[in-house]
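In what follows, structures are represented as structure tokens.
Note that subunit A is present in both complexes that follow, paired respectively with subunit B and with subunit C.
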Partner chain A sequence: MNLVESYKDDLKLIEKPWTRCWVALLIVGVILFPLFGSEHFVYLATLIFIFSIGILGQNILIGYTGQISLGQAGFLAIGAFTFGHLTKMGVPLGLCLIGAGCMAAVFGVLVGFPSLRLKGPYLAIVTLGFGIAIYQVFTSYEVLSGGRMGMVVPKFPALFGLTSEVSMYYFVFLLCVIFLAATYNLISSYIGRAFVAIRDNDIAAEVLGVNLTNYKLLSFAISSFYTGVSGALYGMFMGFLDPQMFNFSETLLIFVAVIIGGLASVEGALFGAAFVILIPQLLSGYNELTPVILGVTVVIIMIFEPLGLAGRWFKMRLYWRNWPFR
Partner chain B sequence: MQLLTVDALTVRFGGISALSDVGFTMDDREILSIIGPNGAGKTTLFNCISGVYQPTRGEILFQGESLLGLSPDRIAVKGIGRTFQNIRLFNNMTVLDNLMLGRHIRFRRNPLQAYLRIRTEELRHREKVEEVIGFLDLQAYRKMRVMDCPYGVQKRVELGRAIVMEPKLLLLDEPVAGLTAEEKNRVAYLVTEIRGRFGLSILLIEHDLRIVSRLADRMVVLNFGQKLTEGTPAEVQKNPEVIRAYVGEEA
Partner chain C sequence: MVTFFQYLISGLSAGSLYALVALGIVLIYRSTRILNFAHGDKATVGTFVAFTLLSRDLPFYLALPISLVFGALLAMFFYFAIIVPAQRRDATILGQITITVGLSMVLQGALLFFWGTESQIMPFPLSDTRVWTVGPFYFNQLSIGTFLVGITGSILLYFLIQKTRLGLAMKATSENLAAAQTLGIPTRTVLATSWGLAALFGVLAGMFLAPALILDPFFMLEPFLKGFSGAILGGLNSLVGAVVGGLIIGIVENLSGGYISLEFKNTVPFLIIILVLLVRPEGLFGKEFKERI
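Coming up: the complex of A and B.
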């Protein structure tokens, strides 16, 4: 048992000593992973970390603020191509990533404006249009997309005597941890509370003094920043950019991952990313089945566990916490 | 100076006049009750004062400043808190978080502190919230999701959420509707206690006339969007027009 003795104890990121232990174990495990995992598994893990950043961003928007958006691929593309152009200009890597995120955030705010008026499915349609428009713009204008052959992006440099792939793995893992921790902090702060309030009851939130305009746009900006960074990392990971990588199926993949991982849950982003990346791998012999499996999973999750894998995980923890009592 | 002045307020939805030429004033630390049959325009009046609707015509002055054209969040900052007739809580948040959201306008807001988990502000406001939790007897429900709380508790949480804003004027839309007789008495007691303890003025909509006449200093009676009369509870209850509106014509 842990007793909360002060209001300060109530605000801790990790409340129980046991949780600390297994989180530490998990981090050590992830750090040691490239030593005994094969190259292919490192590749998959890197992809999971990259995706979970974008999914995390969309979860802030869809799960916490309740603004259904289908423009993810657009933000991924903006982030990725901004990153591509910036690296060509010789800007340092860190600034490139921030630039990619900020550019996506600017477009996020622009797309956010309709959200001040539109709700639910109507907003989804507007953002869907945005995603498709961005895709079309990148396919039509070779200046932006780097031409017919796509744009070559330099891969992550090999550091500390590791291969480029393993260095990238550690770098992306570090970023993922930073984004996860920052999001936990954000969600438990006054901003996160305002987001949830807007989702649960926007009129009441407004009457209590939450400025709907500011907070909805802020949510769009933050979520597209995450998605933009995720897109940039994806481009760097692939070493190559092509508008075809950011078509509508990418949007759906992220949307499905948000739902399967668990709406309004930070760790759900990791679960969702792992799910949508590992399932096609498990079924690599039957690639045509992947969309079916993802679709059926969403249906099953919506019926039996609306909070997704994260909800199931939470219930399991609750069960073990009280074990052997029920 | 009057705390709140409503003058010639008119609200039209298409051809329907929800309110026509309603006017009254309210003093500091007064409990003023708005009564009237269903559809009389009471909630519309509240929605105008809290900025959810914009009136077609008329003027609302709060501490000498006009509230017309302001968005609800600006009005909240000016010091008007309200509750809703059909509870509008944040269902997926805990009771504590609901109350903390009530402190939103009092927060010194800094996104960097939010991201870096610097929670001095949070702790400062938690003290105030805990005071209200104690006052409303919500200790046992602090960490429960609002959705899982019983109706009576939800009503109290909504009341608490408005109180922690530390408004100067509190708008209560049917605070005792749907409660048991015992809970009604308790809320009625709370309403007078809130005025004494937090020094607020309260504008109250209520159907339970027995409780209203015990609580209110003055009453305004609305019927079909028009003001019938205004006065102390005793005066209003004797007014033949009010009796006609409520009970109907004598045969």
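Coming up: the complex of A and C.
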């Protein structure tokens, strides 16, 4: 959109002073939201923030590195149950979240190893197998999943005189902003450019000096860290964990959200999360029709806007910037 | 030893259906590079049509072809109404795959809307309680019928591809789309036929899976994933690979269910696929990836 003249320009988060105002307005709006919005809207917004962290992770993998993973539900489950066990041991919350992310990242590296040899659909099926295996392990071993009734996870504590839900909302919002900023920085750094090079052509990237092994594994690790944290937050949000929560349809939902939000776009994760959570809510009166409408919207978006909602957003901004000279 | 062969028999019968599902996936992948996530749901729709026809006392020999044709027409309709416009607008392969995911959601919602969530029992002429004993082995009618249908379907497809002009056109189209168009092959029609054939095989598999499983709107998810992995195991480019891969998945699944643990019946095949792919990254019969920079 803008001419990038120096490396410093490339690293800038916000380009124009006006954008700064809009972003500030948006943030203030989000902060004031619980004061005006009803409980249900706060609930939805929290869910959107939680999902968008997981979707960001998947977007790093699919959108930036070009490796398809259909095992995201497995990483969600690993993050969530690690979190559950750690809180049971009395570990402080922050460490629990990091632990959940790191555990998922370790498994991410394990799953990443086949990606060194496999491509496209073949990699997809291996990760799918991983997701199914994890699901099976959690349903079969009650030591891991916390028994037949599922595992109870303590909810987020009520802070500063706010209710537990509202404090959770602020906490998740903060985390989401941190993850968004981290992803922006990651993508505009050497690592991000290495990811994009691998996506565009891995052989060429290797010739140019990108270490394929390290960067593919790193991409898997980062992506599954995000997903693990998202799973942990989801567990804390729901208050209980059950392996059934992390089945194949969850993976598909994340996949669809990434594509709808926009491949290789950071803000697309927010759009995608909002889309997959709000569309079923808008239609809550017609429960049978929810998948139909969701599916139809997916098809329509893919036909008319292959770049996803983020692509549409970009085009809109471009249009208004030059308005009315177009 | 007797139990081993018994598992092998049931594995072959399940595997032949996975092979049919895998053939459908490979047919579409070969010609368009799209992984069709709606394959299982199209098969479910076809099976439910058959279920409705059968419960209205239509004879089986009429209900089977009607539902097969219905499934094929549905797939062709989707190809022309959705995939073609998407391709005209330069949708990426990943975008087209997402479209099939969206389609599968639509079909699932439609199934829930028309037939509800409760599980049904499919009226079927073959039964798995009628058993023949040959020496120490038991053969039930359903699994024999299933196996025969799976093998016959695969052989018919083989002849269609190898011995007819349509098969030749399909091969040409999947080999090089632009060249096929230049030579005057109506590639759209050929591709639509591939989609229709694929759905036909899916419905056929669904019809014979339904009596063994419980018929509900989600019953094809697992067979679809198995067929998908069978296709990957055999190599996504290869029709022979799809049949072999499907059979292997069926056998491994039943053997591991019998000898290791019933709970991990679904997991062990995937572990074996991972091991095979680590040795042969393009599947058993797939061709090597060739890339240019």
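We take it that the second predicted complex is superposed on the first by the 317 of 326 C-alpha atoms of A that agree within 3 Å, B and C clash if a C-alpha of one lies under 4 Å from a C-alpha of the other, contacts with A are read in each partner's own complex, and residues count from 1 in each chain.
In the analysis below, contacts are C-beta pairs under 8 Å (C-beta built on N, C-alpha and C of every residue); 3 or more make two chains touch, one makes a residue touch a chain.
Values in this document were obtained by computation on a predicted structure and should not be read as measured data.
Peer 1: Go through the superposed model and pick first if A:264 touches only subunit B, second if only subunit C, both, or neither.
Peer 2: Once the two structures are laid over each other on A, A:264 reaches subunit B alone.
Peer 1: Now for A:210: first (subunit B), second (subunit C), both, or neither, which partner does it touch?
Peer 2: first
Peer 1: Just subunit B (first), just subunit C (second), both, or neither: which does A:194 touch?
Peer 2: First partner only.
Peer 1: Is A:186 touching anything from subunit B or subunit C once the two structures are fitted on A? First, second, both or neither.
Peer 2: It touches subunit B, and subunit C stays clear.
Peer 1: Going by the contact rule stated at the top, is it subunit B or subunit C that touches a larger number of residues on subunit A?
Peer 2: It is C that touches the greater number of subunit A residues.
Peer 1: Looking at A:306 after the superposition, I want to know if it touches subunit B, subunit C, both of them or none. Which is it: first, second, both, neither?
Peer 2: Only subunit C; A:306 stays clear of subunit B.
Peer 1: Of the partners subunit B and subunit C, which touch A:125 in the superposed model: first, second, both, neither?
Peer 2: In the superposed model, A:125 contacts subunit C only, not subunit B.
Peer 1: Enumerate the residues of subunit A that count as touching subunit B in its complex and touching subunit C in the other.
Peer 2: In subunit A, residues 201, 203-204, 207 are touched by subunit B and also by subunit C.
Peer 1: Which part of subunit B faces subunit A closely enough to touch in the complex?
Peer 2: Spelled out, the residues of subunit B in touch with subunit A are 50-52, 71-73, 75-77, 81-82, 84, 88-93, 97, 100-102, 104-105, 107, 109, 111, 113-117, 119, 121-123, 126-127, 130, 161, 165.
Peer 1: Under the touch definition given earlier, write down the residues of subunit A that touch subunit B in their complex.
Peer 2: Residues of subunit A touching subunit B: 7-8, 10-11, 13, 182, 185-186, 188-194, 196-197, 199-201, 203-212, 264.
Peer 1: Can you check the complex and tell me which residues of subunit A touch subunit C?
Peer 2: 62, 68, 114, 117-119, 121-122, 124-126, 128-130, 132-133, 136, 139-140, 201, 203-204, 207, 248, 252, 255-256, 259-260, 263, 288-299, 302-304, 306
Peer 1: Could you list, by residue number, the parts of subunit C that touch subunit A in their complex?
Peer 2: 29, 35, 37, 82, 85-86, 89-92, 94-96, 98-99, 101-110, 112-113, 221, 225, 228-229, 232, 236, 263-264, 266-267, 270-271, 273-274, 277-278, 281-283, 289, 291, 293
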